[in-house]
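Chains: A, B, C and D, in written order; residue numbering restarts at 1 for each.
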Amino acid sequence: MGVNLSVSLGSLRLKNPLLLASGCCGYGLDMEPYLDLERLGGICLKGLSVKGSEGNPPPRIWETQGGMINAIGLQNVGVETFLRDKAPHLRSRRTAFVANFYGHSVDEYVEAARMLDGEPCLSALEMNISCPNIQEGGIQFGTDPASVRRVTEACRSATSKPLWVKLSPNVADVAAVARAAEEAGADALTCINTMPAMAIDVERRAFRISNKIGGLSGPALKPVAVRVVYQASRAVKIPVVGIGGISTAADALEFLLAGAAAFQVGTALFVDPGCPYTILEGIAEYCARHGIENVTDLVGAVQDGAPMPRCHE
Amino acid sequence: MGVNLSVSLGSLRLKNPLLLASGCCGYGLDMEPYLDLERLGGICLKGLSVKGSEGNPPPRIWETQGGMINAIGLQNVGVETFLRDKAPHLRSRRTAFVANFYGHSVDEYVEAARMLDGEPCLSALEMNISCPNIQEGGIQFGTDPASVRRVTEACRSATSKPLWVKLSPNVADVAAVARAAEEAGADALTCINTMPAMAIDVERRAFRISNKIGGLSGPALKPVAVRVVYQASRAVKIPVVGIGGISTAADALEFLLAGAAAFQVGTALFVDPGCPYTILEGIAEYCARHGIENVTDLVGAVQDGAPMPRCHE
Amino acid sequence: MALRTYRVVDNDRTGPYSTLTLQGEVAASEPGQFYMLRGDWGADPLLGRPISILGEDVEDGTVRFLVKEVGEGTRRLCALEPGAAVFGLGPLGRPFPLPPPGAAPVALAGGGVGVPPMIYLAGRLSAKGLPFRFFQGARTAADLLCLEELAGAGTEPVLATEDGSLGLRGLVTEPLAGRLGEFSAVYACGPEGMLKAVQALCAGRVPSYLSLEARMGCGYGVCLGCVVPVERNGRRTYERVCAEGPVFEGEAVRWA
Amino acid sequence: MALRTYRVVDNDRTGPYSTLTLQGEVAASEPGQFYMLRGDWGADPLLGRPISILGEDVEDGTVRFLVKEVGEGTRRLCALEPGAAVFGLGPLGRPFPLPPPGAAPVALAGGGVGVPPMIYLAGRLSAKGLPFRFFQGARTAADLLCLEELAGAGTEPVLATEDGSLGLRGLVTEPLAGRLGEFSAVYACGPEGMLKAVQALCAGRVPSYLSLEARMGCGYGVCLGCVVPVERNGRRTYERVCAEGPVFEGEAVRWA
C-alpha cells in the first residue's frame, strides 16, 4: 500500500504514531512476550520519581462502566535503580523510549529530569503534572497555568532532551494550561492523563480503592480526551500527543483528526496486549482506502467550521 | 418494611430522594405515560431561559461507550410560555417541581429567576451555570468561583424560593466553586452537569454533533460524579443533590453514601422510563436488609478515614 | 406504557438482515410506529435502537422487526439467538395517516430498512380494502426485501434496481414519477436521497408522507435529540422525529 | 503470546457454577496458572477476568475452567452458549512448585473457586506418581465441587462442610491440622479466611503454598493493580499476584 506512517514530534521522528502509555506497559520489557517493541512508534515508561515509591496499599483498581479507576500510587523503582537495572536493557532496542517522571515539588521534578537527561536510550522526557504539589497545599501542579509554567520552565533548563508535558483533563480551561506549558518551553503536550474518580462498595459502605480517589481511564474517558486534544491542539503550535480510551484504529483516527500528531494506548493494552498491531494495521488500511499517503495528512483534518461553541444540553 | 424514604433539602421536604433530571423528562408531563409523578421525590424541568431557544441544529446526540454526548442547545419555550402553557398543568400534581434555568449574562439569570419566583407549582429553582458568559468572552459561569458567586448572589436576591446551583465537573477545584455558591446563598448544590466531550466520524471526517462539543452523560460519567459529590459535600454545609450516570439502586446508593442528600436520574430515563420505580424499590429493599429505618442515615455514610489523597496511577 | 421484556422466538438471518420475531406483551400499533429495542447487554451500547414494526399479532403476543446490521447496536440485535431477552419500548411515534375510504389508490415507496414499515402499511391497507401500489427500489436484486410478503399483498409490486438485476433499471422514483397521476397520496420510507426525490416529485401535486430517520436518545419525546427542521405556515421550527414523527407531511420537511 | 479467540464447546451449568470447555490454540500450562477471559461483549465490562485452569488437552486444543457467578463478568461467562467466542490470554502467572520426587505426601486444600486449580494439581501429581491427600471444605454438601474428578484422582478426599451435611462437620483446616505431620508441604487455594488459617497452621512447621486472589487489570504484570504485601528477608514490599503469584510461599504473605 505504501502508506507512510512515520511522524515527527518536533525534532523527534517516530516510525509510526503509536506509543504505549506510561503506567500501562511497565518498563517496556514486560511487553516483549506480546509485542516487538521495534514495530511501535515508541514506549512511555512507568512514571519515575527521584526516590521511587512503594505505591498505595491495595485495592488499587476498580472497574467502572466502560472504564477503570486506578490509584497505583505511582509505584516505581526510582530513577537511580531504573538507570542502573532497566535502562541498559532498553539501549539495544531501536525504538523511542520516553521516560515519564514526576515529583512532589519543583525541585524533585528538576532532579529527576537532570538524572534522566544523560541516559542515551531515552528519546524524550514526559512530565506527569497530575501530582499534588506538597509545598503548595497539595493542589495538583497541572491544574493552574502559573504552576505549570513554573515547573515546566525549571525542567526545561534541566534537560536538553525533548520535553513533553502531560496535561490533566481536570481543569476548567485546558487551552490556558496548554499555552503555559508551550511558553515555558515544552516540545509537546500529552493529552490526557486520567480523570479523578471514585467508586463505593455499597454493601460494605467502603471505598472500592484504598486511596478513595483514583484516575478514570479507558473508553469511558475517550470523548473527554478527544475534546481536550481538539482544544489544546488549537491553542498551541507544538505537537499534541493524544491519549484516553484508544482501543481501535477508529479511536486512534479520531484523535489524529482532532489534532493529535501521535497517540498513546494505555488501558486497552490490559484487555489485549496485541492491540497496537491491530490499530496500526487499521490505520494503514484506512489511509490506503482513503488515498492518504502520509498519516500526517490526517492530523487535525476534521472538517472544522467557525468556532462557535454554544450551550450544551 | 417501613423504611422512611423521605428527605429534606433545607426547608424543602421530598417524599423520597429521587428526582428526574433536567433535560431528561421534558416539562414533566411527557413522562406521565410512564410514571406517576406523585410517586417521585421531584421533577427538574428542562432548562428555561427568558427568551427561549430553538436549540442547536441536528445532529444533537451521539452515543459513546457507556455514555452519550448531547448538544441540544438548551432548546426551550422560554419562561413566559412555560408559565402560561405548561405550569398550569403541573399545579395539580402533588410532587416537587424544580425549574432549571440559565442565561448568557447575570441579568438574564436574574430575570429568569424573578419571573419563575411567582409560580406556585415550583418548589425550587435550579441554576444551570454551565453556560458561556457572553459578556465575559464566553467562559462558562460555572468554571470560576468569583463568577459563580456573582451570579448566585444576584439570583439569590431575585427569588425567595429555594435556590439550587448545578455545578459543572469541568473545574480544577470543585470545593472552591461549591463554597462560593454556598457563601452566595445557595440552598443546595446539584452535582454534576455533563462533562464537555467530542466525537468524530472518521469516515466522513466530521464532528458527530453539529455543535462539535457536547456534554457527556450516562454511566461513563458516574465515577467522576461520585467523586465530585464526595468533594463538594465535604466542602459545604448545604445539601448536595447527586447526579451523573445513575441507572440502578446501587448507583443511587453510591451517591447517598458519598454525601448526596438526594439524587437525580437523567440519561437512564432514555433507556428505561420506568427505572425510577426500580431504583426506589431497590433502595427500600437495601434499607430493609441493612436495618436502616431512614434513608437519610445513609447520607455521607461511607467509611471514611483520614483525608490523605496521594498520587493516582 | 413501560419498557417490557420480550423473548426472541425466531431470528431469520439473510446476509446483513435479520427478521426478528419477539414474544411478550404487545400493544396494538399502527403502521409507521416503532419500538426502541435493546438486548440484555451492559452499558455499551447504552441506548435502545429505533426499529420500525414489520408486523404483529397482538393476540399471540408477537411482534416482528426487520433489522439491518449497520453498526454495533444492530449487529447485536441481528445476532440474538432464540430464547434471548430483548427490552422493548413501544409502539412509539405517529403512524402513517390512512387514506379515507373511497380515495384513489395510494403509492407506497420503500427502500432499504424503509421497506418494513411499508410492508406493515400494505398489509393494513389490504385488510381494509384500500387500493395501493407498492414501489421498492434497491441497488441490486439481492438488496430487495420482503419479496414474499409483497407477493402475498395482493397487488403486483413495482421493483427497480440500480443495476437492473431485477425489475426496472434505475431509481424507484422513476416509475413512480411516470404514474404519479394515478395516486391520491404517496407514502415513503427509505434513504434520505429517496425521500428527497419523493418530496420533490410530489411537491404541489399530491400529498406525500415521509417517514424520517434520526439518531434517537429516548424515543419518546423527552431528550430533544432527534429533531428535524420543519416549516409550517412559514415558520421554521424543530420537531421531534420520535414524537411529532417519524411520519411527516412531505411539504413540511426541511432537512438538516 | 497473544490474546486468542476460543469457542465454547461445552458449558455445564449447576447452580451458580459453569464448567466451560473452550477450544482453540492452547499452550501447555502448569497447575496454578490462569487465563484472563472475556466474552465478545462491548466495553462493559471492560477487563478480562482471571480464571484458574481446571484442566487442558493441548493436542485437542481444549482448556477447561470452572466459573462461579459472583458479579457481572462471571455472570456473562457462565451464560455463554456453545459456539460463542471467548477471548483468552494465558497461561499466566507462576504455578505451584511440584514436590521433588520421593518427598513425603503433600496436602492439597481447596475451597470454593479455589478448588479448580487444586483439581488440576491433583491430576498432575497423580500422573507423576507423587503422593497427596486432597482436603475440600465448603459451607454445605451442595457447595462441594468436582467430586467426580476427585473420586477419579486415586486417593480418597477429605471433605468437610460447615453444616456437616457431607463429610466432617467444620472447617477443612481442622482435619488438616490433625494430620499435618504426614505432609511435606501444603498447597492451598480458596477464600482468604481459609488461606490465613492454612498459613497459621503451617507457620514454622511445614512449607505452604497459597494461591491468592486479587482484582486484576492486565493479568500479565504491567499495571501494578493486583499487588499484595509480602515480606522477604525482613523487607516488606508489594508483589504482583499475576506475575510473582498467584502462588506465594505462605511464610511471605502479609495480607492487605
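Annotations
By our rule, a residue touches a chain if its C-beta (ideal position, glycine included) is under 8 Å from a C-beta of that chain, and two chains touch if they have at least 3 such contacts.
Keep in mind that what you see is a predicted model, and the values were worked out from it rather than measured.
Shared contact partners of chain B and chain D, listed by label: A, C.
Each chain gets a centre from the mean of its Cα atoms; for chain B and chain C, those two points are 36 Å apart. Work out the mean CA point of chain C and of chain D, and you get 53 Å between them.
One finds 32 Å separating the Cα centroids of chain A and chain B. Residue positions 23, 65-67, 70, 72, 219-220 of chain B each touch two or more of the other chains.
Listed for chain D are residues 42-45, each touching two or more other chains. Chain contacts here are complete: no pair of chains fails to touch.
Those residues of chain A that touch chain B in the complex are listed here as 22-23, 47, 53, 56, 64-67, 69-74, 102, 128, 130-132, 138-140, 143-144, 170-173, 193-200, 202, 204-207, 211-216, 219-224, 226-227, 230, 245, 250, 253-254, 257-258, 286, 301-304, 308-313.
Residues of chain D touching chain B in their complex: 42-44.
Partner chain C is touched in their complex by these residues of chain B: 23-26, 30-31, 33-34, 46, 54-55, 57-63, 65-68, 70, 72, 75, 218-220, 247, 267, 269-274.
Remark: chain A residues 65-66, 219 touch chain C in the complex.
Residue ranges on chain D touching chain A, taken from their complex, read 1-3, 38, 43-48, 87, 89, 214-229, 237-238, 256.
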